[in-house]
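Before anything else, here is the set of structures, which you'll find just below.
The two complexes that follow have chain A in common; it is paired with chain B in the first and with chain C in the second.
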Partner chain A sequence: MSPEIASRTTQPRRHGSNSGQPLTRRDGVLKVTGRATYAADNHPEGMLYAVTAISRIARGRVTALDVTAAKAHPGVVEILTPANRPPLSHDPEEKMLPFGFRVEVLQNDGVRYVGQPIALVIAETLEAATEGAALLNPQYEVADARTNLSNGDRFDTASVGIGMPARTAHGDIAVGLAAATHVIEADYVTPAQYHNAMEPHAVVAEWDGDRVTLDMPNQAMALSCASYAAYFGIPAENVLIRSPFLGGGFGSKAILNGPQILAILAARLLKRPVKLALTRAQMYGPVGHRGHTWQKLRIGTDSNGRLTALHHHALCATSSFDEFLEAAANASLPLYESPAILVEHEGLRLDTGTPGPMRAPGEASGSATLEVAMDEAAVACGMDPLEFRLANYAETEPGTGRPFSSKALRECYSEGAKRFGWAGRPIEPRQMRDENGFLVGWGMGTAVFHCPHFPAEARATLRADGTALVETAGADMGQGAWTALAQIAAEALGLDPDQVEFHSGVSSLPDGGIAGGSGHTASAGLALNNAGEDAIAKLAALATADPASPLFGAGNIGVVARSGRLHRLDDDGRSESYVEILARAGQAEVIGTAKAARDQEAAAAHAMFSHGAVFAEVKVDPDLGQIRATRLVGAFAAGRVINPRLVRSQYFGGMIWGASFALHEEAITDHRTGRIMNADLAEYHIPVNADVPSLDAILIEENDPYVNPLGIKGVGEIGITGTVGAVANAVWHATGVRVRRFPIRIEDLIIGWDTSRK
Partner chain B sequence: MNRFDYIRPASVPEAVAAAAVPGSTYLAAGTNLLDLMKVGTMRPERVIDITRLPGLDHIEWLADGSVRIGAMVRNSDLAYDARFARTFPAVAEALLSGASAQLRNAATVGGNLMQRTRCAYFHDLASACNRRMAGSGCDARDGENRLHAVLGWSEHCIATHPSDFCVPLVALDAVAEVEGPHGARDIPVDLLHALPGATPERETALAPGELIVALRLPSEAASFSGNARYLKLRERTSYAFAVVSAAAALEIEGGLIRKARIALGGVAAKPWRAREAEAALVDMPASTEAFTKAAELALADALPSGDNAFKIELARRIVVRALNLALEGTPEVMPALPASPFSTTAGATHVA
Partner chain C sequence: MSLSISLTINGQARTVVLDDPRVTLLDLLRERLGLPGTKKGCDRGQCGACTVLVDGRRINSCLALAASLDGAEVTTIEGLAEGETLHPVQAAFIEHDGFQCGYCTPGQIMSAVGLIKEGHAEGDPERIRELMSGNICRCGAYQGITEAILEAQKVVTEGNRRDAA
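Entry: the complex of A and B
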């Protein structure tokens, strides 16, 4: 402990050490000085470069590859094709539970989507490998591409998302609709979107006998180790994944993909380290995406504006060979009270890569359409959209009647509306103009996201010098896990965050669970908390059993850990520092460990969700149709907040993504070939700063005793939900034009113009 | 990327001599060329780096009031040159509406003029594209062509020229100075880019090996400085190519239009000068009515080349708006969102 920090004991102190404080990122300086090492920054001695050759057809067979020409290119070392690819110990057509997908690892010459790897070229330089891949000049036997509604195969499905039921019914929809005074019915389309994490998928693989070290961005280290182990026929503990930083993941780095497996295989074959980094364009295919959906909503309301029926049907695209269906319609389950709710899904097989979880999977696409439909229903009832949502507020989980573990959505609505200035909004569209003549519209949407909890483990070591080392294999995708998780651990240990060394991002550490589902802070955080508490308990046992300690005999009364000292619970004046306790006990350290999971009884008895309300202002050029989301205000209740600075930043990121979904983002497919024609960041539009000039996120306090002992829900994904609808509804309010296809485009808004398009 | 020779000539004659060898290409900042080489649309055997050629990075004011801009002057440097921006405000505004700050800091005047189309099929080697490979066909014709040309296109190619910079340049009669194997010549920017006709692979008037060394704006162009705007419709507020754009410049005397200049961007394989529309405005009172008529004339020959009929209507509307903005007068300071319809909106204080 530095003298400077020690002298702070004279300062007024807060109870506990740090949770709830807006600390800046512990890894911030590393990042802004370029010293944070991302996977592709690693260059072990003797490293080779691998580049995948990818198919440019959507379906068929590769009939020829000019391997001779490619091999003749200077610097090319080896080329893997289906003809010579070494065996793998796991069948890539076999799904590996729980999150395994079927992958393309050159198991045959078949092509099932554009962008599928059809060969791997390994060379001494990246340039040589790239040119080698180009020289392969593949020849194909081409079958028709099936990439749209008219030629995909529709199918019934029992499950959506990852293991969720495809159909849920409460009450009788027909009865509910018959009882309604107003029924709105509308069809909506959401496009395919691609994760486009800033950092491409990359791996640097280095084998040592039957052990392999993988530098790669990874959101699910323990699961991935087990999966790679299965592919390579080695024990899971022989796989070491190092993933200290991820340049974004959004779900796409939680699941194994073909190119990375092939690069690891090449490293084993050639007995040299191999690096592979996908290009931007190569990220449109083998690494998942948000699937295309076609949704229908029917909402019945009575004369008081209360729902009588809510029917949400989603047709969801998946690949021809695997299933990941957006659980879009499930977005209609938890939010609004209705005597009859029916959500159902169907699948559509297309010749594309398999979709996968992408930030707010299911909810993003489903909430987008639900919130627009709710707006349409409010209009039908002649009600203000906020008033309409309040009239249909669910006090308990709709259909099941289970209590919510906590739900401060009312406060979100009221605080958000107040900050935004919602009151006095004209109910009719096209009523507001700004001083420059732009059409102005205000819209809103409700945000909701479930809060899963993954099993996780951690270790906390209190050291003789009074500092601590805490460890878990967490993943920081940019959300700030390095900081927030350390704050939780420091609090449990009664230390300042500066006194806590945090090791994370390596698979050999205790399993930190999955960084997904907005559940990482809660899951890894609880493990760290419990490990810290375990270490403190062990330290307390030493002190209270030691006659020389001022805490002697306080075993039953208990102690509290604060500022590096244990205090008697009943007499704050009697205390002893960790340093003294360990010194007297002659111990170099005490180690606490924990395995944490959710209390299954609490989980069964409660509905657990984060909630929020998003309010949007858009401006639209009345002649030219250009749209701008000029103001976004979100208010969110997501349990306990560990670090408000990081949480706000997560909400901003989500809200920006929501604006992106509503106004910008879309993969454009040429349906003749199945090729995506805008697979680069110049043409695949996401918002720039000028598109989101004003963002505001309000953190609503919420105490949740049931989600987990820390009361933490999750904040990573909820910001998208609600926002898409809010922006789209604001566009309607500005223009009077209801666009039911995302993203909303300029031509949709040119009044008097035929808005039909492909 | 294919292997190529990298050549760094020390003078313009050396550069021209080096580029005379078939398979050569000039490299300026590379913001367009390198992208094209990475996807394989361009596979030059010799890359002639012109970034260190002496004397091409000056802005020179000539005695007659015209300005001569070296081909290596960076887009940002030109846009932020105070005298240039004051004299040719629509050009500065167009430059600042293009790409991103980082790209503008690198991109050169010559490279901007010579940048290639953004047609996705041109960039996709698996697609047929007459422009990339003569006679192979045009997959954009029945493909994703929402943003393709509505003027001057042919069955052989419906691509647009993406430059913003070039739009006010053609409106203001800018001229490119060229040096080549057969000596020096001037090419008006309006004649630099070719319409596709039956030979879309011939994109510009430059002969093989010819190098743009400078760009000249005539002194007459300065007479529009008080009433000149560039307006660009985009699918996001910044950092996107134009859906359609327009440069408009007026010389007004006693409420009557003395001279008018109108050019459209994003509508054709070249920046599209609308001379008939200009002529129709001369000696007319400046009014929305007159502007609407001019816009009709400017788009009289427009035809959708695919899924893009809406662009014709948008082009008409943007001409009217640009003329109205020009009539209001060039803003004192460059708008925070250059060329954006939202440039008047409060809230954005940076150049985006």
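Entry: the complex of A and C
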């Protein structure tokens, strides 16, 4: 256990401001006592249960459903099928921008992937609805499933991810390759992965006339209200989403899906509240996933180990009817200096649910392969992988020459290497053994993630008793938003966090933006900060205009807010408490508001990224090929840290996702039927406690004056990037076998070392 | 059909009339008895989110038919704290940040309480990791969970020793 981790049990040290303290979570007591209310925990009077029946074929149409048998089951109230589904006000085949996808809401009898909803059964109990769905006994007209490279349709695309260009070129790649002394060229495969938040997607919908209340986990409340309003033909303000807690999201709870829309529709039809919670198996289809990719990298290097060319091509799977392509190759744009960089993407249509953003979308799959390719290039040059990366360090954004808003990656490399003990690592593979005879390998990778910023709004109310209420419709899916955002607000208001009441997670509050892209703390945080400053400015205006105040006339000089008092900027001894100012003014409160967004000029002038370096140790059984990640050290520079305790947890979570990408996770398709064969938590391998190595995360300080006025970057996703490559490279270093498909399997190693012996 | 069973839930004796023999203990707690603190993550005994103690032993409540538990004593996450005083495991989970989204947390905590009570942990993190591997945490809070259990186990053992003296 590292000293840093051990010290977490001791009393947190204050750094003189509310931001920066390692406070424990504000919602901690609720979460450990079972009193935190997740969507499916709600139970309004008269509630019905809805269960979707899902397709077991990947392509074709439903020819028959035994509605009579299902309806005859005691407790079944209604069954929605394409034959009787009430109309919706929005065409589900029409994409709603910016994050809308085509959804299946029983618009016809067609089937386009396994797990698609083909009926909705509503009953008095969950047991009756579940049995009713089973009794539907669907009959199908089946078409062949397109599930892989050989039968899917390849297509050219102009954009990847959400609105990113599919192709970017800097310099001439052919010239760069021709100039190289060494060229490595390799093909890599990353699998389909499923978010598998512990909390299944759920909704409890209750209508009151043309108003609807939706208890649902939601990462993007304002956008979702507008989208549901369009589907149900009501004004957006008539949709109230309550999402006080999300049992994980990872990107899968930001986008509308068919089952939830159908449950809301059923509640309107039956004039009773309806609850729907997907089963685990039903989460492998209509609620997004990380798409399958096939990637090719070509890296040219000169005799000094400097890149002459970096070419990254990604073929990315999507559904037959919609597009979300992993922006995987874009991971090669911001990290390494090269006179020629070419990244490009192609699409592949398969009979699957449409992929979507999943924790570090694009970067996770692209960084995985880039970091392995860089390792291969380092080997080709006979260089240490860290030395090789330093030789290709980008001082400015490759290709554009824009300065980075901040970049403490060198410090990440050196601090991470020091903590890990990287020095002295043998360059050749298969050189180290532990006391039990296991092969030991060390690998590293660079972590990178961009810094999006979403527009957000907030309100801060200073009250007569000297406390404050701050409000923004944000989402806490485990990042610790409730805690970190309250800390930011408290700092702006000159109060201690426990004097600040924080309201969030309800769509009726000011729009807190989107909880995604690692941008929530910065986005909602800036709005809260500005609302707090606005409230303080209004309070200061009251005091400085009042002859009875010690701050009278200080309007031009200014005041500073600290510990519930305003102090004259030029004379700290002259101060007055918020309570006194409001009492004399006869005001019950002052309200500050703010709408905040990124400074577009600063954004255009700078490249904005979080960076990190991850070092991994693995041990491999030399006979059985069994792999264990035994040690991970990550050092990350992500701007200003609001709460180091929570940030470290985010890094740990990301690093575990990285180790999982490298060694565990994969949805396996039966190519005869298009079904996912491991659509459950036993066979879809998510790391369990015993799989998780010793983890260490180092927080590198970084002052960023450009990314936003608070200097905050994001920490939620970067931990995955870098880690995948670090673990994979450690496996190579342990065994001498280079595996280019994820997850790395026992058989890859055994076949690999058999081949290398021949 | 209806069937009446007796259960002691969090120390409270209750007679429960089951409307359906298919009802699991998990769905009984969540949907019929107003105790939604126990969570459903998979309904197949694969994730551990629904862990409760039945007669002091850890079980997956999604795999137990309520009708088979006549006379049982059930402890759920709602029954762990004494008033506002948290159980040492609950307090340690907060202190060590042993959760993020909180959804698997009731199950993690009930498993931890069970294994400490059964005398398993004994200060060995490797053993705790193995024994806690029936409880999946997708957020990846495992390091905090392990540290929390190590600490709580010390607190509980010391408390027991004091009680015995």
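Definition applied: the second predicted complex is superposed on the first by the 733 of 758 C-alpha atoms of A that agree within 3 Å, B and C clash if a C-alpha of one lies under 4 Å from a C-alpha of the other, contacts with A are read in each partner's own complex, and residues count from 1 in each chain.
Everything that follows uses one rule, which is that contacts are C-beta pairs under 8 Å (C-beta built on N, C-alpha and C of every residue); 3 or more make two chains touch, one makes a residue touch a chain.
In this text, all values refer to a predicted model and were calculated from it rather than measured experimentally.
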{"item": "Which of chain B and chain C A:155 touches, first, second, both or neither", "value": "neither"}
{"item": "Touched partner set for A:689, first chain B, second chain C, both or neither", "value": "both"}
{"item": "First, second, both or neither for A:127, with chain B first and chain C second", "value": "both"}
{"item": "Partner chain(s) touched by A:625 [first = chain B, second = chain C, both, neither]", "value": "first"}
{"item": "Partner touching more residues of chain A, whether chain B or chain C", "value": "C"}
{"item": "Partner chain(s) touched by A:750 [first = chain B, second = chain C, both, neither]", "value": "first"}
{"item": "Touched partner set for A:436, first chain B, second chain C, both or neither", "value": "first"}
{"item": "Which superposed partner A:197 touches (first chain B, second chain C, both, neither)", "value": "second"}
{"item": "Overlapping contact positions on chain A, where the chain C interface meets the chain B interface", "value": "127, 131, 279, 682, 687-691"}
{"item": "Parts of chain C lying in touch with chain A, wherever the complex brings them together", "value": "19-20, 22-23, 27, 30-31, 34-44, 46-47, 49, 76-78, 80-81, 86, 90-91, 93-97, 99-106, 109, 128-130, 132-147, 151"}
{"item": "Residues on chain A engaged by chain C in the complex (per definition of touch)", "value": "1, 5, 8-9, 24-25, 27-38, 40-41, 43, 125-128, 131, 196-200, 245-250, 277, 279-280, 477-480, 645-646, 648-650, 652-657, 680-682, 686-692, 695"}
{"item": "Residue numbers on chain B that touch chain A, as the complex places them", "value": "1-3, 38-40, 118, 120-121, 124-127, 139, 142-144, 146, 233-241, 243, 307, 309-310, 313-314, 317-318, 320-321, 337, 340-342, 344-345, 347-348, 350, 352"}
{"item": "Residue ranges of chain A touching chain B (in the complex, touch as defined)", "value": "56-57, 74, 127, 130-131, 134, 279, 281, 434, 436, 438, 619, 621, 623-626, 628, 630, 663-664, 668-670, 672-673, 675, 677-678, 682-683, 685, 687-691, 693-694, 745-747, 750, 753-754, 757-758"}
